[in-house]
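Structures are listed in the sections that come next.
Note that subunit A is present in both complexes that follow, paired respectively with subunit B and with subunit C.
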Partner chain A sequence: MDIIFLVLALLALFGATSTIMFSNTVHSALGFVVTVLALAGLYALLNATFLFMVQIIVYAGAIIALLLFVIMFLNIQQSHAPKEPNKYLLMLVSAIAIVPFDYLLFKAFYSMSFAGDANITTKDFGNIKMLGNELFKNWILPFEAISLLLLVALIGAVVLARKKERA
Partner chain B sequence: MIEVSFMSYILLAIILFSIGIVGVISRKNIFIIYMSLELMLNSINLILVSLSRYFGSMDGQIIAMMVMAIAAAEAVVFLSLIVSLYRLKHSINIDDYNSLKQKGIL
Partner chain C sequence: MNIILISVVIVNIILALLFSLGAAPILVWVERRVAGFIQDRLGPNRCNIAGFRLGGLIQSFADMLKLVFKEDFRAGNIKERFIFRIAPVIVFVSAFLSFMVMPFADDLVIGTQTFIMQGLPLDFGVLWFLALAGLSVYGIILGGWSSNNKYSLLGSVRAGAQVISYEVSMTLALVSLLITYGSIHLVDIVNFQSGLIFGFIPAWGIIMQPVAAIIFIITSFAEANRTPFDIAEGESEIVGGYHTEYSAMKFGLFFVGEYVAMSASSALMVTLFFGGYNIPWVGTDTLKEHFDIVMIAIIVLLPLLSYKFGGWILKNNVWPKADDKRNNESKWLIRILVMMNIFVVLLLGSFLFFGVSATTTNIAVAIMQVATFAIKLLLMNFVFVWVRWTLPRFRYDQLQDLGWKVLLPISIANIFVTAIAIVAFGA
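This part shows the complex of A and B:
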């Protein structure tokens, strides 16, 4: 259990740093895939079996595939990538600037004092039956709102990305 | 052996969130900024799922699933905006996307 967590956490951190470090866009996207899959493994470790599946299908399957498709559709070469002469200096400065915020977050969560083990849950915690029950009993209105949002996003994407006709 | 408590998950999520913020601040490639935004959403999802496991309630996982749906909708709109901006400017450098900037300031 512990060794799996360590391996997955290191993979997630490695993928995240490589995402923001690489200058080649496709390499960054592949680093992001590593992070997403490691996070899916962490969800499985936390008994969220349905979210594990959704993470792999939606993120690694749909979002990153769409991202790579757009990168290749626009035919982004290495020469198109913007020149970033002081990239590492900016990273260092922003990483130092973010430390107080991190400290605040850590203190806030630390004061919740997660002492001891988690609550004992039933065997089917996090599987699709329990999640569906909860979703369609107590969360039906947000669920419908999300479906409306997806429809709006679909129409918006079609309208935004089509070629303008020169009339 | 290191004891894995729930603070480890929280700590990992905080570090991933900060890496996302650093990426947004320091890079100029619009695709990498987009991936950093997605990284921040993912780290929030990790916090939600681990708290859901800790408190033994399904609400966190449901909110995490809704965040994923919103991230998918956001991905579609963001990428189509990038496509139309690239047609206009032929660049993926965010410094070139300054059509709304008022001249004379900065």
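This part shows the complex of A and C:
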């Protein structure tokens, strides 16, 4: 299990790094696919089977495919990209800038007790039935709020993309 | 790990291989002969090994050999060598893996152990198919892009747009189905369909959910990139689309991948809408209970059907010259047919005479269900071929109109109707 985790985590990091490092947009998008698939694998390791499948269907199958489609449709060349003279310096600065956040994460992570309830999940944790019950019984309001937000974004996109009617 | 577990797993994997990869040459042959039939010509039927033609099936193997031994030519303008090389592999592997969750038979019980009869014993069911169908489009998109020419790029752009727009309707059609079936596990779905409506109609998906069935069938034609949705290939518009620059076995992987994807789509359609491995009106339990009657029926029917089939072979493959080597084929085929009949009749006869254990019954029922699945799969594949040679290709704007303005609203409305019906009348 540890080896699988390490491989998937390294793949995710590799994909994420290549997404921001490559100058070719298609390569960046492919790096993103690698990250998304590696994350799906991590979900599978955590026994979240539904999340694992949905991650692949929605992110890898639809969103990044759409991204690639847009990149190809607009035919973005390397020469179209803006010049980034201080790219690596900026990356370094931003890496330093999120150190406090990292500290917070690590602190939260290490302050958790693994002795008591590390094994709180049952075998069918993360399958559709459990997840559905959880979402639609305990978290119905946030769920609906998020879906409303998505609906607003959807309608907004349609309104923005619509042809202007001639007055 | 015991010996039964290992052998069942191996049998399942071999079955999955046979139904997907092994079906490819047969489907190529079916495609060509049916195309010939529809266009009032013969299709390939001359290729033979020592007079054995099998109605032209040998041609497919000759074509496979040709693809393997052809020069693997790569044009000089292709810069992205790695992506160019990996694209056909993505198409092939994801098509192949998507077949792996199709159940060939009901859960097999041997002694105290229960086995899921799938290539991969997972219960993700339709989600697995959707995920891999989504991934397979990367192969097409990347293949077209890395070919570095305008026609191929156009092909991959078309493929991307098409898959994204049709996957939405496909998923929504599946949602209404899943509300009806109440499970995503394909074995549960098939067992649901073994029931009867009003006592005499099989409760198949196409009768329970006709709208979802039609939408799903249309969208899976688009997912498999088959005519009338093969605008990504569009040989009369954009040369060969995404695979223009591919040759030899790289093209072969695209080619075989298309047929494997078609077979996987057919398998899912059979599983979701046509009762899967169920023999109509006869569920797994009925089969097990009345196994004696089933055996007697087979013993009577198999020789009769074989006699008809042998007569058909003799009628169509008889040549006037006595030393014509093509006459050998009929002779040998009939011998094989007779041997098979004797074997099956003797085996079943001994079962009838000596009685059978529960395990033997279970295995025999599983074999019968696998055969049923194979027949249904072949018929559904035939529908794919039939449609290809009947309908012309959609124009790009017609395709998008159909996807977004017709299929999407209908599938959403279908979800509402289904959900209301389920809540009102109970599942």
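In this text, the second predicted complex is superposed on the first by the 151 of 167 C-alpha atoms of A that agree within 3 Å, B and C clash if a C-alpha of one lies under 4 Å from a C-alpha of the other, contacts with A are read in each partner's own complex, and residues count from 1 in each chain.
By our rule, a contact is a pair of C-beta atoms (placed from the backbone, for glycine too) under 8 Å apart; a residue touches a chain by one contact, two chains touch by 3 or more.
None of the values given here were measured: they were computed from a predicted structure.
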(message) Under the superposition described at the top, does placing subunit B and subunit C together on subunit A give a clash or a fit?
(response) fit
(message) In the overlaid three-chain picture, which partner chain does A:153 touch, first (subunit B) or second (subunit C), both, or neither?
(response) first
(request) Between subunit B and subunit C, pick out the one touching the greater number of residues of subunit A. (result) B
(message) Tell me the contact category for A:140 with respect to subunit B and subunit C: first, second, both or neither.
(response) neither
(message) Just to be sure I read the superposition right, which of the two partners does A:7 touch: subunit B = first, subunit C = second, or both, or neither?
(response) neither
(request) Figure out whether A:104 sits in contact with subunit B (first) or subunit C (second), or with both, or with neither. (result) neither
(message) Contacts for A:66 in the overlay, against subunit B (first) and subunit C (second): which applies, first, second, both or neither?
(response) both
(request) Kindly classify A:80 by the partners it touches after superposition: subunit B alone (first), subunit C alone (second), both, or neither? (result) first
(request) State whether A:56 touches subunit B only (first), subunit C only (second), both chains, or neither. (result) second
(request) Look across subunit B and subunit C in the superposition and give the shortest C-alpha distance you find, in Å. (result) 13
(message) Please report the subunit A residues shared by its interface with subunit B and its interface with subunit C.
(response) 50, 54, 62, 66, 73
(request) Can you check the complex and tell me which residues of subunit C touch subunit A? (result) 83, 124, 127-128, 130-131, 133-135, 137-138, 141-142, 145, 153, 156-157, 160-161, 163-164, 167, 171, 184
(request) Name, in rising order, each residue of subunit B that touches subunit A in their complex. (result) 1-12, 14-23, 25-29, 31-32, 34-36, 38-39, 42, 45-46, 49-50, 52-56, 58-59, 61-62, 64-66, 68-77, 79-84, 86-87, 91-95
(message) List the residues on subunit A that touch subunit B in their complex, please.
(response) 1-3, 5-6, 9, 12-13, 16-17, 19-20, 23, 25, 28-29, 32, 35-36, 39, 42-43, 46-48, 50-51, 54-55, 58-59, 62-63, 66-67, 70-71, 73-74, 76, 80-82, 84, 87, 90-91, 94-95, 98, 101-102, 105-106, 109-110, 114, 118-121, 125-126, 130-131, 134-135, 139, 142-143, 146, 149-150, 152-154, 156-158, 160-161, 163
(request) Please give the residue numbers of subunit A that touch subunit C in the complex, ascending. (result) 26, 30, 33, 49-50, 53-54, 56-57, 60-62, 65-66, 68-69, 72-73, 75, 128
